[in-house]
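My structure is below; once you've seen it, I'll send some questions.
Going by the order they are written in, the chains are A, B and C; count residues from 1 in each one.
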């Protein structure tokens, strides 16, 4: 693994470009995530669209700067929309994020995720059980810190899938195989609010629209989200009040605060 | 254009009737808007129902006092539900609002919106790019203040569609062609919360259930929403905390506060 | 009716087991409820899954500790998902809750609800108009306190359906026919937030995963929700701020507070 890191100023710069350029992000996401995802994108400066109608998706993706494909609450309509969206994005060179939610719970969904990974998403965002299911290594479903074997598995999966892999957890790990970084920080209340991970995947697509290095874009997104979560967590009385405060922080965190909170190694 | 305005007391009166009569509003709306829309209606005093199942929609619309048809996240099921809903509403004389979300982004959706506009919705609620797409005038997609040409276009569209047109923006414009008013106020955070415009369209349907003059109903709704947004914006730390405070204000604003905030000209 | 009550310590114990065991609850619920339901379950300690894809539902239900079937925003896909889910739950002996939302508004939905009630859900959660529609007694659609005839109707329905019936209202009534309890408390703002009742049904499924006596599980859930609603209502400025505070309370209420708030008779 090459020695490599990302400067906090690169995170700050990516956030500033997101706020200034207002990229359009088309999201095919699950029913539990749609509202939070749209609000996270709006707060951070992006312009979301959310239709999952296969007839409409090609026009929306063609007009978008980035695409999110999230496999939660998957249904036949979403599956058809995903195929249409990925085809348009691939042809246009539009960056896209694959988020294979809960593939460890459903063989049907796992098969689709594998087919989509073969279409070379710019970034695959997932957690440990999802990565274990995709790589067929199993045995990682329990909580706990990621091991060196987990990291090696992520590196290998990035190389074989030709995608950047962003594995989230207590410490996030972003790898393209040859280069990798860890992103620390965040707040435990994040895990008690549904769809914050899904919304992060959509925001990562927004970062890909303003930062061509996918490792930098993914890590910058995760550092920004961690900074906002820390701010919200410090003010919240529980997961209910955390959610609006997290959105406020995405909208209001200053460059100085973002830089100071960034812990990438 | 006839000289015409609406007294703040008419706004206050419409809000009071909404709170007292609790009209039933059936909403066919998009996935990102469904929760906020239901909560906005409940807070303001109306009773929402939200099913988009074509089999069930006729019964729900038959039992409703007003109908919202919002074209966001359109899919085949919603399209079938819309046709069934509009047929029942038209036959029963139930007022309905058409909200042609994002028609400038999708030719499929634009064609449907034109077909629905021909069914003479009581009110068509839209923004400038949507109006430009519907009237085929184009060139209005950028931000900025509405021009006299925009207003003339809205007047002409109201006359040709036989609907009241409510064009929202920094200053809202409500016209039936012969009479028109402007509604000022509101707060910029509103644009950073997904579906506040969609929820406003649903609330406008609620106002149509308690105020037969569609220009007065639409303008009263917009003035009420602006007053609530101003109150929320004064207390919020960002778009996340704005949303619950906006709903609180819809529920709690006093007649005096509503009257004092109303700026219709 | 046998003299019967539930000790506050049983409520406290059930909440403690929910928080400790983190049961998986699969939810087939309506579009307006999906986000709040997932957040309520997460805050209370359970692990929600929400897919309504008929292809995936069997795997998710097979891996779940309890199931919710909510009939809101019913559509053909949800209907197919429900049939698949109930079959898996019945075969595996997994407890499940039926929530026949708005059956008094739609004959199509009422027919489905009757068919599902025949599959012997562990608990049927409903309100007075829904119970009146299911039992064909009618005439109960208006607000007001439940009468002795309402309670007798709930008892009879529990006996005939072989399910525990949890009828919610100003005072909740939980009956299996032979044993029954009343649960008092709560806060009026609850009725102004969409889907709090739906989310309560999902949480009740979570309680069934940690408490085998369905009357105790349903009553403990309702007492816990009432305690959280009272805490939130005391701090909220309206229905918008009530919602996040309610979720905070579900996550943070101490055993002492829950026990002190419990009013079961």
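Heads up, the rule we're going with is that contacts are C-beta pairs under 8 Å (C-beta built on N, C-alpha and C of every residue); 3 or more make two chains touch, one makes a residue touch a chain.
Please read these numbers as outputs of a predicted model, since none were measured by experiment.
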| item | value |
| --- | --- |
| Same vs different contact residues, chain A with chain B, by half of numbers used | different |
| Fitted rotation between chain A and its twin chain C in degrees, CA, nearest 5 | 120 |
| Distance between chain centroids, defined by C-alpha means - chain A, chain B (Å) | 34 |
| Sequence positions of chain A contacting 2 or more other chains | 31, 35, 243-244 |
| Touch list for chain A against partner chain C, complex | 30-32, 35-36, 72-76, 102, 105-109, 191-195, 236-241, 243-244 |
| Contact footprint of chain B on chain A as seen in their complex | 31, 34-35, 38-39, 42-43, 48-53, 55-56, 59-60, 63, 77, 243-252 |
